[in-house]
Every structure is written in structure tokens, then in C-alpha cells.
């Protein structure tokens, strides 16, 4: 299944075009891109916001008086109360919401990072190999990708979670392992073009082994689409995680993630709005920022001038 | 082809519903029923939500009044023999299936035989094991069904013989496992007798439509002998597992009755829709089971420490919000045929700090402490309430030197693990099937050896005490109810003193009922048959 | 073209078979079975139940029985809902899900395309920002949250629409669920459309058309829209199939009797028959959609040729 939301379609199109057109020759792609990126105000603002969120999520807990799994027996289900130092209120178990939101953000970020890395890693290797070797190898490998696309990803994740237990890292390796499909397609498309380039010819002529060529010459040239895809995937993964939490398959107690907090806060939004507002606000902000950054990156790396 | 049929069914249903709701005299009840029934066949169901649907269209020898007490049903009178082992029921003359066939004693004989037939694979058949030879037939020991203690003396007389005198037997007969099935239909259509085109009812309602995932719809059965007192003409049993969504629809006026509600909303509901929430004691116990085949849980000191360090008073009122009453014993208060005084251990009256101190002491004696904490995995099935309770209890166990890891899984996986003994401490619950203490106490009986392995049944913790088993066996043959009650109480004391399981709270039934519905009486069985309800406005 | 389509259909069969096989075995690897509930079943009863559903046979035999039945169009019985075969349950539930998904699909695509076009034409001016923000709200807010909130606001507080169910069959029941499903989809389509429209508007042949002095309307209608739609079209397939399966949360919250929730609840309840049945259905939908999309692609972009 092409990711849970299919945003990668944007990238597939892009990659398809890349394999047909040439990448710009001449000036350094990175410098150019960076320049364009910095001119995009929304993207710059978003990067700043994201950095802020990451810092607060990982450093914040040291400044918060309550631990995220600490139970305050005298303050169960209470709204924000500055005196008791529960700045965002407490949940049904008497745990401090501020601490939990911080921990949840940490978890969601870690999850996003791990899953993205997994999908990048598997996708790049797989796609590069398929694209480079071409022919039957390519055909078979892509067929397998086709088969996997047709399977409902939820099923896989459920089975994975059930078989490997509720380990958060394993769970998100599982998600990452599904998102690699489109990355593989993109990388394959790009590799198909790249392998006709002169420097690859030269490397081949000098007798380099295929895997060396793939690792040393092809992969480094894949940065553009890979980076964009990775950035565009992160929101998908976070949303996927929140959906799994809604089903009860997400991160396990006592830890929590933004998705878990939101699915717990949604049904009681009327009676205990503080349970929902903080994590929702963080999630929405993060996703908006990631979207703007992703868009900015894509615009920046676009070979066409406007 | 099937799609067109389905669409036609939907539009017809829609049109019909519109007709029904616009017809001036038709009174429709919109009941929220939680899950989809797994079946409409009384021999194949086992949940309380299924009971609501099945119990409205089929009636047994005995049925329930608005308070859940047994009253005459299809049988207009009965006699019980001196020794309490033979019950003779006389059926009503007017008792009839909705297809015109009269209800006869043969329907009951046939139904009981089918219930115990191993091929039917009814999961609740054991409820009627007091009937003579039923257990043996169900396990395949006896293959001649005529040996079953249910006989038709003539077309209108049913005679039931029991293994031994059973004080709660009339109560057990109200259960759907004792329902008759239309013999002529089952013989003709087999398991497909419950299809809409075949199904027949002998109760106040008959089922006319089932849209899986959405609702079951029943209409008043005009052939029912008491039809003139049945006020509701049509019932929708809605399927909706999301409780918050169900409450929303109730507030929007789409549901008249909710059979469960999210505990978090309880305080809000009491303020905003006072009088509509019904939270009543319900015969059931919520408990943690400890696997006594695994070290160190075979050590009674560890079990005691775990139990006494739980502050149960916080769980109902604060953690859940619906005020469930703490449970220290194994038999819910209000259970029939029992002693007056509930089991109350001495430590229940100790101040909490003292209990924690004592628990820490016990743990140290058992070899655990801050330097050597006990690592424990607490399993529960995925559910908000179970999770909150587990988190709270884990926090209560930490100070006494226990490191808790929480592990949740789906119902199927959870109970699979409990049964296989693949756990340390797990959450479980038991709702009483009939109003008698033996129903919960049976949970702690030693397992039976079958084909070389122990079958512990529902005794997940594998608690085993010879004295307890002996007392339970005595109680089964004791005819004097008072003496029997005392024997059972003694058994309960043994098991609880040894902490065979950790009871946490007594269940409450949770219903929300619109003020324009009358006839809804709170009762400990949480049974509210639609025939007793009426609706005064739309 | 026709032979291409035919070959695609043929090659879909082994893919389907492989996917079914993988699914079948993976599902069985998970612990727990359909008959593990709160009450222990007497062992002989359990044995009978399992025998009834062929669960007592070796896994390989079960597999072959399943495939054999499958080839005869029989998806087997549901293990959790008695008396209903999987095909029947799917046949009852699928029209609801399809209606929901198609309605959301049509509305979302229309809104998405128009919004995307409008945003592209006004690129980087405030209508662009506002529009993108609006449609992105749908993508970013998790669908179960949106469903719960909409149900509360519009169903309970304002009472404009039914808070759920589908009893009377009137279209009012669809408004809220379709909104929740359509909004994210519209968001994605509009982003796609905006992106590709911007590309096309800056491309050579549009420049040529403008240079030739053609009016803006004609430029747009004849030269810009069709190629700009290409990425949107290639997203339609996965988009619709996503809508079909993603309707889980929507169906649960609004109490709609569709198959969206079967995917998940059946897996959680280990109802093997339903899980496999819905997987197969879903697979065929995707494969068929992919084929249709490729054919439409060819129509849209004359450079693409299928041998």
C-alpha cells in the first residue's frame, strides 16, 4: 500500500520525471538549493519551530517537577493548576500532563526518526540494486514491490506487533518497513538514469565491483529525492502511529506518544479538554512545519527555474 | 447479484423504518447494544449483549420480571419433588411459535438435547450441568441422548431430573441456555433456522431484520400470550462499540437506552442529565489472578503483600469515576443463598500506611526489597479502564519493591495466555451466570486431569487447596440452604485467606435511560426485558 | 492496448495468489485464535468447533482447502458471526463502504483539483496560503479526532446532522462521515494539483502558447489542465483504495455497517475468514484501479504508449 496516505505519489511523479529528464549540469545543486530554501520564509520559520520543539521535548523534562509516570494521588483528573505545579493538568491516573506531553513528543520524534531511517535504508539499497542490475533482477524485485503494495499494511503491522510484542522500536521498524516501498521505486527510477552517466561508465571501465559502484557513486547522488521523501514521510509516520494508538496497538504504558495522548483525549474532549489540547497543538504544529519544510525542500531542489 | 440484494434490503429497511416512525401509533425503542450478536441461536451465544436480543424473542419455561426475578414463562406452573431433584413443568395452552405451531414439551427436550450435543459446540452448555447426565453427554461419555434428564411426559408437560438438589435451578432456567428452539424448524433447516425467512419466535418479540455491523430489529409478536401488555412495538438493537460515540448519539436523541457509558463522562452526566444514569451493583467481580505455578507467586507472602498494598477505595471513585465498591472477598454482596456477613479480612481495617509497611515486611521476608526488586509483568486486555487500573496498581506496588511492566493484548490473545499459564499476574473478570455463590467459587476449584494434562478451566491462577475442594464438594450435596451457605462461606474464607486470587472491585451495571422510558428497574442481574418497558413520548 | 490490458489482468492472478498465501500464513502465526474468549470452552467443545472450521487439520491442508474453495468463489464462513458467510458479510457491508468512499472521492477530487488550480494560479499570494492551510487541516488532524469532534459539534451541539447510524438511509447520515473522509483526500489532491499546475504553467509549451497571444482561459483549458492532471490521476487509484480501507475510524465512530472496520476488528478477533476475504477484495480493487489508471494515463498523455 503506498504509504497510509499516498503522499509519496508526489515523489513518484518527481522521480519518474527525473529518470526521463537530466539533472541540471554545471552549478552545485546543494548551494543552489540552500539559497532557494533560505528565501522561503515559511520553510525557514518551520525549521526554527521544529528545532524548538525538539529541544523542548528532550531538555524540557529536566525542568518539569513531575515525572511522566508519577502518580499524584491527590490530583486525579484535575484541570491546569499552577499551585500544584500541574501546568497542563492531570490525567485520569493523576499523572502530570506537561510531563506526559513532553515524553510523548520525544517518543513520536524517535519513532519518526527510526521509521524514516529504516525506510530510507531499505528503500535505497533495494531500489539502487534493482535499478543498477536492471533486466530480470529488476523485474522480479519490482514485482515483489507490487505484491506488497497490494497487501493491507494494517494487517502486517498488527501481526508484527503481536508477534514481536509491544516494543516501540520494533513497532516502528515495522512501519518503516512498509514505507520503504515507494522509496525503492523512486530510487530505482533515479538509478536507471544515473547508471548511464559518464562517471558510472568510467567506474565500470576501471573494473569496480557493482556493489562498490552502487555504494560509492549512485547512492550519494540520490540525496535530493531521498531527503525530500524522508521529510515528506515523517508526517505520514506520525499520523500512522496515532492511528495505531487509536486501535490500541501503539506505544505501551507507561510510555506514551502524541498519538496515544490524542486518542485518549478525543473521547473526553468535552469534560477534560486539557487532555486533548496540548498534544493536539504540538502534533498539528509539528506536522504543519514538516509540511512547509518538505515543500520548501522540494521547491528548492527543483531543477526548473521560475 | 448480492450487492443488489443488499442494496434492496437497505432501501426497503430504510423505507420501512420511515414508515414505522411516521405511523402515529407505532412505538419504537432505540437501544444501544454494544457489539454485534455472534448468532441469534440461543445455543451459540454467550454475551450479555446477545442475551438482550435473544431473550426478547425466545422465552424459556421460566422468565424474568422487571426486577430480574424468575416468574412463570412458557410454563404456567410447576412442581418440585420433595428431595428437590425432579421438576415438573406444565406448559401454557396458548404457548405458540410465531409461525403458528404450538410450543410443546418436545421442543424443550429437543432443545436441551441439542444444547448438550457435543456437535453443537455450545460454549455455555455447562451452565445447565445440574441436569442429570448432561455433563456426561456433553463430554461424549454417554452417546444415548435419551438418558438426559429432560423428558416430555406429554405434549404439555416437561419433567427435568437433576443430578442433585440445586437451589438456584429455577434461576438457571431463565438463562438462554434453557430456551426452547422450534424443533420443526431446526429439523427442517438445521443451523439455518435462524435466517430471517425461517426464524420463529415464542417470546414477546420476533426478529425481522439483522444488518451486521449496524442493528438487529425486532417487532412485537402479536401471538404472544401476554401481547396486550407489551407496549413497545418495535425495537432496534444498535451495534456501536465506541462508547463515546454512543453517548453522543444518545444526547442527539437517536438512542433511548445506553447499556454502557464511558466512565470519564459520569460526573458530567450526573450534572447535566441527572437521573438518567443508572449505576447499580451488579453480580460480578473484577480481579487479578496470580499464576501460582510460577515462582515466587507460589509464596503466599508475596501474594499477600501484593493484595494488601492495593488501596481499593481509590479505584472506583477516583480512577474509574463510577464509584465501584472495593472487593475483599470472592462472592459479590447480594448473591442469593448465602450468609449475611460478607467476608472481610482483618487487614482491610488497617490504615493504609500500616498495610504498606506490612507488605514491605512480607516482601523482605520473601527475599525482595529495594536492592532486589521483584520484576513482574502485569497483563490485561486492551481497554481504557483496565489500563488505568493497571497503571494505578503498578504505582501502588512500586513502593513495596515491585517493578511492574505493563503488557496489554487483545481479548483473544490475553485469555489464550491466561489459559496456557503464560503469565505472572493478569487481569480477569467474572460476571455471575446465576445468582449463587458457587458460580464464583467454582473458579478456584482444582483442575481436572484429562488425558494426561491438567485442565484448569477458568482457574487461570491454578490455585489448588484440598480442603477448599472438599468443602465445595460437600456444598454440592447439601440440601439445607443455610448450612450450604455456611459451607460455601468457609470455602471462601480459605481461598481468600490464602490469597488464591486478588479481588479488586464488584462490578456495577451502567445504563443510561431517557426519562420518557418507564418500566426500567435496576436489578443485580442487569436484565431489562423490553416487554416491561414503555415509552411515553417520541 | 487491449492486449496490454489483458496481459495485466493475467499477471494479476499470480500476484493475488502470492499475496493471499502470504497473508494466510502470516495470520496463522499470530498467537490467539477465534475461540479464545473470557470463558474457557470445555475441551471437547473446543475440539468440535475447531473441527467444524477445519482448524484441527495441518496448516497446509487448511491452505489447500481454502484455495480450492476460493477458486469456486467461496470465501468460507465467518468464525465470529455465525450463520453469515464471509461473502455475504462483505456483500452486505461493501455497498456502504463503497458509497461512502465514492462520495468522498468525487467530492474531494473536485474540490482538490479546483483548489489546487486556484492556488497555483495565485501562487505565493495570500489566497494560495489560505487555501493550502485550509485543505492541509484535513491531512494533519488525525481522522478519528476529526470524526469525534464533528460528531460532537454538528451532531450533538448543533444537531444539524444525525450523529451516526444509517437507519433511515437518508443522505443526511452521510454528510459528517464524508466530510471526515474527504477532507484529507482533498488536501492531498490539491497539493498535487497545485504542484503540477505550477510546473505546467512554467513549462515551455505553455509559454509558447502565451507567446502566441492565446487568451489565458484557452491556455489554461487546453494546454495546462490536461497535463497538470497527470499526477492527480496516478494518485486516484491508491487514493480510492486508501479511502476504502481508511474508513475504519469513520465507520466506527459513526456506527456505519461497512467493511472498513472488518479489516481491523477481524484481525484483532482472529476471524481468519473475514481478514482473508477482505484482503482479497481489497487486492483486486487495487489491481483493477491501477490498471484503469494506467489506461487513463495513456489517454491523458499521448507520449505514453503501451506495447
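Should a chain be cited, it is by its letter among A, B and C, assigned in written order, with residues numbered from 1 in that chain.
The criterion applied here is as follows: contacts are C-beta pairs under 8 Å (C-beta built on N, C-alpha and C of every residue); 3 or more make two chains touch, one makes a residue touch a chain.
Predicted, not measured: the structure shown is a model, and the values here were computed from it.
Among the chains, the centre nearest to the mean of all shown protein C-alpha atoms is found for C.
Taking A-B and A-C together, the chain pair joined by more C-beta contacts is A-C. Each chain gets one centre point, the mean of its Cα atoms, and the points for chain B and chain C are 39 Å apart. Centre-to-centre spacing of chain A and chain B amounts to 46 Å, using the average Cα coordinate of each chain. Distance from the chain A centre to the chain C centre is 22 Å, each centre being the mean of its Cα atoms.
Multi-chain contact residues, meaning those touching two or more other chains, occur in chain C at positions 30-32, 148, 152, 268. Residues of chain A found to touch two or more other chains are 162, 266-267, 270. Contact of a single residue of chain B with at least two other chains is seen at positions 242, 244, 409-410, 413. The touching residues of chain B, counted against chain C in their complex, run 2-3, 5-7, 9-11, 13-15, 17-18, 21, 36, 38-41, 44, 46, 118-126, 138-140, 191-192, 194-195, 211-215, 236, 238-242, 244-246, 248-249, 251-252, 254, 409-413, 415-417, 419, 428-429, 450, 455, 457-458.
Within the complex formed with chain A, the chain B residues making contact are 242-244, 262, 264-265, 267-268, 314, 318-319, 321, 382, 384, 387-388, 390-392, 394-395, 406-410, 413.
Across the complex, chain A is touched by residues 15-16, 18-19, 22-23, 26-27, 29-32, 136, 139-145, 148-149, 152, 184, 188, 191-192, 195-196, 199, 202, 230-231, 234-235, 238-239, 241-242, 245-246, 249, 263-264, 267-268, 275, 278-279, 282-283, 286-287 of chain C. Contact residues on chain C toward chain B in their complex (touch as defined above): 30-34, 36-46, 48-49, 52, 80-84, 87-89, 91-96, 148, 151-152, 155-156, 159, 162-170, 251-258, 261, 268-270.
Of all residues in chain A, only 1-2, 4-7, 9-10, 12-13, 143, 146-147, 149-152, 154-156, 158-159, 162-163, 235, 239, 242-243, 246-247, 259, 262-263, 266-267, 269-270, 276, 280, 283-284, 287-288, 291, 298, 304, 306 touch chain C in the complex they form.
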